[in-house]
Amino acid sequence: MIARRDLAARVASVEDLTRTCFRLELTCREPVVAVPGQFGMLRCGAELDPLLRRAFSFAGVRQVGEGWVVEMHIKEVGKGTTLLRRLAPGARTSLLAPLGNGFTLAGLSGGRLALVAGGIGLPPVLFAAEVLAAEGRPFDLFFGAARASELYEIDRLAAATAAVGGELGLCTDDGSRGEAGVVTGALERRLAGGREIGRVLACGPDPMLRALGRLATARGLDAELSLEEPMACGVGVCLGCVVELEDGSLVPSCKEGPVFPVRRLGERWRS
Amino acid sequence: MTPDLRTAVGDLRLANPVLTASGTFGYGLDLEDLCPPERLGGIVTKGLSPLSRRGNQPPRIAETAAGMLNAIGLQNIGVEAFCSDVLPELRRRSVTVVVNVFGESPAAYREVIARCERAAGVAAYELNVSCPNVSAGGIEFGHRPAALASLTAACRAETGKPLWVKLSPNAPDLVGTAQAAVDGGADALSLINTLRALAIDAVARRPVLQRGYGGLSGPAIKPVALRMLWEVHRALPSVPLVGIGGIETGQDVAEFLLAGASAVQVGTAVFRDPAAPLRILGELERFCAAQGVAAVGELIGGLQWL
Amino acid sequence: MTPDLRTAVGDLRLANPVLTASGTFGYGLDLEDLCPPERLGGIVTKGLSPLSRRGNQPPRIAETAAGMLNAIGLQNIGVEAFCSDVLPELRRRSVTVVVNVFGESPAAYREVIARCERAAGVAAYELNVSCPNVSAGGIEFGHRPAALASLTAACRAETGKPLWVKLSPNAPDLVGTAQAAVDGGADALSLINTLRALAIDAVARRPVLQRGYGGLSGPAIKPVALRMLWEVHRALPSVPLVGIGGIETGQDVAEFLLAGASAVQVGTAVFRDPAAPLRILGELERFCAAQGVAAVGELIGGLQWL
Amino acid sequence: MIARRDLAARVASVEDLTRTCFRLELTCREPVVAVPGQFGMLRCGAELDPLLRRAFSFAGVRQVGEGWVVEMHIKEVGKGTTLLRRLAPGARTSLLAPLGNGFTLAGLSGGRLALVAGGIGLPPVLFAAEVLAAEGRPFDLFFGAARASELYEIDRLAAATAAVGGELGLCTDDGSRGEAGVVTGALERRLAGGREIGRVLACGPDPMLRALGRLATARGLDAELSLEEPMACGVGVCLGCVVELEDGSLVPSCKEGPVFPVRRLGERWRS
């Protein structure tokens, strides 16, 4: 396991990705090593409101000169994310990372690997795609959003899929780009069309993940979902972020997740 | 001059006055990489019951202004797992361990203590009395002085080790319950537990937490905690107190010591900063040095009132 | 669709549910340039006593995390000056005026009400019962149900106008005191007043406030206020309630309405933003429009419990 | 009276003046008119901690192009002032101003006008000096601080005093610049040397103001002190900021002050 640290970080850049999402890049002096699916707990301000850190998945990590740059994609939804969007380059913050487990990228026994992202669920999926592309492992990627203007980073996704001869399937609810309808529909159509899918790795809004959970359960597909539970500590001590497993137990998703194989998850995610 | 940070809660000597609060630091080792427990005054475990407990359905937490609500539902691994899997390592590291105990009946509290007595490495017990007393129809033990006195006496009978009772800030009569705990044989009182509170999701028209009510902790409650601590200290000046509630800085610790605490516990601050207890200890040391305080003991109860 | 913002607290009809809280908006005209009182649901005056009062020595206020303490000591201009110098102008502007009343004896409360009854322009009275009852040896009226019931009855005898009793969150028995106020003849209950608290200056080793304790207000207390409001609403569902405590936004107002309030009061938020009550009203209107709430009345008590 | 407003403001610049003090310039689109001694209540952040605004005296106001620039000098002492020091140019905030009364600059019946500042009490005194200089009214100015490095804006003070042929007296507690000792000592020496002082206007730390209060009371000098009481609202409704007057009453200093003639003040300020 990569040792978690409370990293001193500085804002390298804040850049809009869509109307509501932005890219935040942080520079750390200490080495940052993380696998796709892992996340960090980011301090949003120096004062006591907002009190808690916020959880964000890694969209990528790269070494730049002496430092390490952590890339995150953040949707502005409340007070913490609003403060983050307003950060000026150079501002200091703290990032507790890497936390949680990651997607299982290796060890596919048969069929193709499908990455599925919905909306702001893209960051860990993009990270996985770029890692897979760099390692030369083939995969297909399906990315859905409400409308064309909310699909972003298409060039990077296209480059990564192209590098390994995979498909990039885009979907929008309103049909303004790519296939019309939800992203799980695209996956179902591939399955119906006879594509052998050996594993699905997904991140996105709850309804999408539940639909995938149902699909995977019905078809006996190997699938892993990255879940988002409200978190206070991110390190397993508050027991705030629990997810119900198949055996009825409640486990902290910051430690045992955020990525869970569908077969381990309770009813809520499978029916 | 390096300030002398040693303190004592009754007979229990502590290397320094900063402990972790129950439910915010796991069982003492969970954050050892980020905040080594052996460098603290001690750790208070997550509340332990005779058997492991699953706790409440999520959502269990909600952020509020400078605070948070929780309704974890006392999920824990059970006293047996703690004694066999965690305690030996804590002991090996010479961590001062306070076991936070709860149950739905006096018998359950006794059972937890009895199990720990058979193990080595527990320095003291802290009774969490903010749980519904099944035999009293679900009213919290901490709300009725008579029930609290007899619960404390029952636990007292199980151990010769220091016994702390953790007071609920929601009790109708704070000083009365404090007195009852002392009458029942408590060696010290820790306060405060969380304030009963409610967060509402106006869009969903539902409580944010699945359980409805939750307990408010964090900096928001610090002024209430200080008030209650001082009230109890004034009423019962000879009873050792452990201060809890919204501590975020070394200066906060000094405030609690002045109000009568012999030691403090850091809770919610850990979620913001997992190394908070150590950071706070360093700040306390610097505060003492800057103020010419040679020993933290000088601060205890030192508030000049009106 | 413009949401219908009208509401009523018992028989008292209000143009909208946003009032100002006692002690945070002067006598209604002090901030008229920044926040015209006639556009609000109403204003609650600073607490009025029979004679003017000087209040406590400073320091009287201290900031805390997302909150503040105050110990003003009920400084006010006295009911006579209010009725002759302020009330006529409030009336001219058709401001809905709730007079906040306090005294150290039932006779003092009656005197304030009697004086206002001789003037025109008062819509309702709100009894502040968080003041020491001299005849009961300084214990707050709001802490003893029997004393509160008889105080309320004494005031009830003076007026046919709506009578609100403002509950103290520090009372040992919240629902019991609420019931006592209703038994004494209260038409509505407003809650909460400030939480008894303490801020300490660790360097000076003294309380920050000259008076020692102070009352905690502001966003920090909102989750406690919501909990108390909902507890009283569940226990006494037919009693009209006015919600108070840490309201900063229109969504906060919606939360209080859902928890059972028919109207709310905005207090400490005014210090941060003197136009807060108007801003909050606008936010509430937009919240209702966005959520398809045609009339704010739909929200009142609408919290879906467990 | 100039109407108070809650002005939308943007940070124009933040610049260090001494090790602990900085100049904050804010730009407002609406006209800002204030007299020396008046202050504003400034929001220190968007979130609920710190909760209250902070009071700062005006060091000057000038019209620049379409906007008005408000100058403040701020000492970093706690969380609000720390946040302000970190503000980036362009950041938005709100300034409730102008508040309170001001120094009495006109109507001197005889003797010279003496302005006295201690430490971070300089802003309203500098403002008064520049207004007096522009109006061609003579005055002397005494400015004291702990050490030379805490005396600042000496050029502007020298220019203002020189413009009207006044004296600029500098003092440091440690004698590292100007006269050694407290600034009230300098004033006393002028009085002892026979200078006729018709009025003293002062702002500075409490001990300095109390010394001046005693001096003025003993000598029957006309003196005005700008007091600093903790404030919540700044507009007279919280009654938090009261000052005890000579008649025993407690009045809000945000409304009846912050500038008070010594003769109106209670014992605390006169003995």
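Here the chain labels run A, B, C and D in written order, and each chain numbers its own residues starting at 1.
The rule is simple: a contact is a pair of C-beta atoms (placed from the backbone, for glycine too) under 8 Å apart; a residue touches a chain by one contact, two chains touch by 3 or more.
This one's a predicted model, so the numbers in the text were calculated from it and none came from an experiment.
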Handout entry: Any chain that touches subunit D and subunit C
Key = A, B
Completion exercise
Cα centroid separation, subunit A vs subunit D, in Å, comes to 54
Fill in the blank from the handout: The distance between the C-alpha centres of subunit B and subunit D, rounded to whole Å, is 47
Exercise for the section: Compute the distance, rounded to whole Å, between the mean C-alpha positions of subunit A and subunit B. Expected result: 37
Completion exercise
Shared-interface residues of subunit B (touching two or more other chains) are 65-67, 218-219, 248
Problem - subunit D: positions in contact with at least two other chains - result: 48-50
Practice task
Between the chains shown, work out who touches whom and classify the graph as line, ring, star, complete or other.
Solution key: complete
Completion exercise
The residues of subunit A that touch subunit D in their complex are 45-50, 79, 82-83, 88, 91
Exercise for the section: Could you please specify the touching residues of subunit B with respect to subunit C in the complex? Expected result: 64-67, 69, 172-173, 195-200, 202-203, 205-207, 211-214, 216, 218-224, 226-227, 230, 246, 248, 251, 254-255, 258-259, 287, 291, 299, 302-306
Completion exercise
The answer for subunit A against subunit B in the complex is residues 3-6, 43, 48-53, 94, 96, 229-233, 235-244, 248-250
Problem - Residues of subunit B that touch subunit D when the two form their complex - result: 65-66, 219
Exercise for the section: Would you mind writing out the residues of subunit C in touch with subunit D in their complex? Expected result: 23-26, 30-31, 33-34, 46, 54-55, 57-63, 65-68, 70, 72, 75, 218-219, 248, 268, 270-275
